[in-house]
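In what comes next, subunit A is part of two complexes: it sits with subunit B in the first one and with subunit C in the second one.
== the complex of A and B ==
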């Protein structure tokens, strides 16, 4: 009769354990201020201590009233930037990933240059180069586009140039799929995760961008972070906390919704 | 499955191709004909141009010179999607965003087949390849053998004129390879499609091919039946690659025999050239055997070959031959070898 083997538990990988610990510690450090912001935003008078005099929703209501026009503007701006990123970034990423041409390395490097340039410097350069475009907001759009484009292109070049994707396309071609069908039925499903990661990056970067916006905004075209800054330096601390909370409540659900749209595949990109 | 209404012939005419930026051609001056419904295996060492040959037929690379005829019509100008070629790459390249049925139906969808046609054809292919039970399984959950079958079913579903298989067994472990080889051959015979099958394994080529193309450095060394490749290799490379034969010089004797070494006389499989005293021969390990009446050799090497040993021995002339033995022979020991009964050695130079 065969003796039963003692059950063996898989020994945890120490590298994985250290990695998981760091990930959790980092996440907690990042998330720790949020409960404090919630407490301050719902305290009647923070100078008397937290929740002194009871909980109030007044600051949140006032805060939302103050920032909502700017929040909707930022959202519209982010969507416009996303469309422009797709129109400009997708062909650029395709070109860099798929074609070997003189200057390919230079183009690839140029698309990454805005990451290395401080937002203030980029904004000032745009103002000096195209002063006439500032008034109608075109410069603001250009600044956001330049700021987000490297992230969009960078997220797509690697998956688009992956040999496996090229082999899948080759198989699809032999099965009768022309260029458009290969793009729709092979390339897009295969890079969906990367595309969604790029979309989330563009939307959140644009909505949270301050440096470029601060130099390029106009009174009628003011992004949310600029208004947040105004509120911080002029208003009460409770009000600043409340509009910070409004900002988070505005941005986080949008990010989660985008990730859910992608079937939670962003992490796989 | 219904066999294709008419199997297709393939003719390569002086096909030459070099990859961009490479000064060396991947394939050079390839000329060969594949008959309708024939199973031709392309074999050769790594980097010899086997896969490139398939990619040329599939339309994935464009040769710089030559013509490719399918049923007599020049096909090189057609893009891959218009050629009706089924290509199964070594990685199988299954679409992991689709399940098994979705993969098999992909080509039919691309070609505009309606739902009913698609479903019927997919079921036929799943049955043919014996993967019906996995129809709705994600491809990531399949074993290597199952993935291979899905890739072949997907390629056959569109009723291709030619099927191209690039090392379809390479990703499988050795035991499974042999088990699936006969199965795969039977499947290909049932489908009745003209097939080009690439492998680096000569035993695989000999086992399943109607004819074998032996490639080296992008050129055809020999294109022949497995039997003729074995018995009449065209040159030393083919002999060594296909049957591990050793090339030897031997002295011509009367009555169609040669002398490999003093006392070791062997008949040959064809008429000897009348104008030469010395000819080049190929001698396979199976041509010689231990023989107490034979000539002496000094054992220089001994390899276990699964149930038997391949022994290397130096003749008195200095030439090294190989032969099979039932037991391991120590290196340096002297043994006696003679010709196996019925053996006729192959003469290379005519």
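== the complex of A and C ==
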């Protein structure tokens, strides 16, 4: 997989050295804001500097109180989206992975189309087409479903079409296992990791989705990122940091788990 | 190993839920969007007036220019930073590389608005960088957050993990033997980059750029949090829809933006698909 480096080399490889510098500096820049969020969220008066006026838990307590209803709403929405993704995406992933038919390439491309469409355009199109469905949140569900489906299907096609899995199934079949048995005891255990990765992916993508939600939310159906945004625009910086911290505490462990499971994905910014 | 089967009656219905969803929730709404942008007043004929307005309005043209500039610039910077970083991460040995991989994946899960807030924390009026500078020099400087440069930093932040991810999948295309040969012949590191590494990574650079450009064009959250004057197209769409109540105009802008992002992703991104499809079968980030 990796560029094979002869380890016996005596002098350091300049390409690797340059790479190491770039990688470490970039990682530092990517991660630096996170401790900064912690510091600002626990500082009494950030405008006067680091921990000016002492450390306080006030912002975190107030922040959590402010966003917890929205966090629960977002979590419920994400779980609903996950269920819908499984119902809609799993059969399609199976069809693409296992069958050869005219239009297979087209179907595969279709599952990727929502990635190419800016969330804001998708949301606008939904509002114009179904204005009556905005109030009860159906459009919010539709937007999140479209946004997450490509990633869900994409995460499952490759593992489902893996040759080793096909072999195992063939072996099970010759030993007399029926379709249901093969699905439950051969396929499911083999793709468990990919399914878990797809699950984490869908939940974090949905919980962090802003571009679609911003146009489709209603005051009573407001996802967490929309509330985060209003804190950024109107709130105190300490409280905004506290709310962000609550959000990060959820997504960052999920991302680390995802990277360990070998899945990476690309959402919209 | 058995060959892929042809689906029977039962299997071909598997994609029905997906097709229904895509047709009703994506294609039909997009058709309505197009229709509204071409026929802003119900009952009257089709007109290209709204598109004409985009082409003649200096505000909208400026927004398209701004979006292109910030997307291209952030993409180029991300490539410069991420190619060497990806080579190192995919190299052999050490736990450090694994941690780097995780560290560079974290920004992926952050919504654009949170990235915008990070820039504010670092370079806002009370940002940590201006505060530190004030402590040393007595003057608050580098308050970049709401300027073009602050926005560029935000865009770069969300491009980095995307480009790293695509690049990491392609590093194995670099032949260490060629690098060693080039170095034995006396090539400098820069020359090794331009004559060995970059040509080997060409397909991945194309997919990474197309992904990164399309993301930049469609980015809304980061711009909404950071922009005070540097207007990009998604902001103009939002303004046309929510502030000026001109949904048809917003629709025309959205369609143009969509045309750009889909062309970049499916057009440019697929130039090299034939060559890289096999390799990409397991890493679909190219989309």
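Here is the rule we go by: the second predicted complex is superposed on the first by the 221 of 269 C-alpha atoms of A that agree within 3 Å, B and C clash if a C-alpha of one lies under 4 Å from a C-alpha of the other, contacts with A are read in each partner's own complex, and residues count from 1 in each chain.
Assume a contact is a pair of C-beta atoms (placed from the backbone, for glycine too) under 8 Å apart; a residue touches a chain by one contact, two chains touch by 3 or more.
Keep in mind that what you see is a predicted model, and the values were worked out from it rather than measured.
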item	value
Between subunit B and subunit C, more extensive residue contact with subunit A	C
Which superposed partner A:120 touches (first subunit B, second subunit C, both, neither)	second
Touching partner for A:88 - first (subunit B), second (subunit C), both, neither	second
Partner chain(s) touched by A:38 [first = subunit B, second = subunit C, both, neither]	neither
Touched partner set for A:79, first subunit B, second subunit C, both or neither	neither
Partner chain(s) touched by A:177 [first = subunit B, second = subunit C, both, neither]	first
First, second, both or neither for A:190, with subunit B first and subunit C second	first
Which of subunit B and subunit C A:26 touches, first, second, both or neither	second
Partner chain(s) touched by A:167 [first = subunit B, second = subunit C, both, neither]	both
Doubly contacted subunit A residues - partners subunit C and subunit B	100, 167, 170
Subunit C - residues contacting subunit A, complex	1-7, 11-12, 14-15, 17-19, 21-22, 25-26, 28-30, 32-33, 36, 81-82, 84-93, 97, 99-118, 120-122, 124, 126, 128, 131, 135, 155, 157-158, 160-162, 165, 171-172, 174, 176, 179-180, 189, 192-193, 197, 211, 214-222, 224-225, 234, 237-238, 241-242, 247, 250-251, 254-255, 257-258, 261-262, 265-266, 281-282, 284-285, 287
Subunit C-facing residues of subunit A, complex	1-7, 14-16, 18-24, 26-27, 29-34, 36-37, 40, 46-47, 49, 87-89, 91-92, 94-95, 98-101, 107, 109-122, 124-130, 142, 145-146, 149-150, 153-154, 157-158, 163, 166-167, 170, 204-205, 208-211, 214-215, 225, 228-229, 232-233, 237, 240-241, 244, 247-248, 251-252, 254-256, 258-260, 264-269
Residues of subunit A defined as touching subunit B within the complex	100, 164, 167-168, 170-178, 181, 185-186, 189-190, 192
Interfacial residue positions of subunit B with respect to subunit A in the complex	20, 58-60, 79-81, 83-87, 89, 91, 93, 95, 97, 106-107, 109-111, 154-155, 158
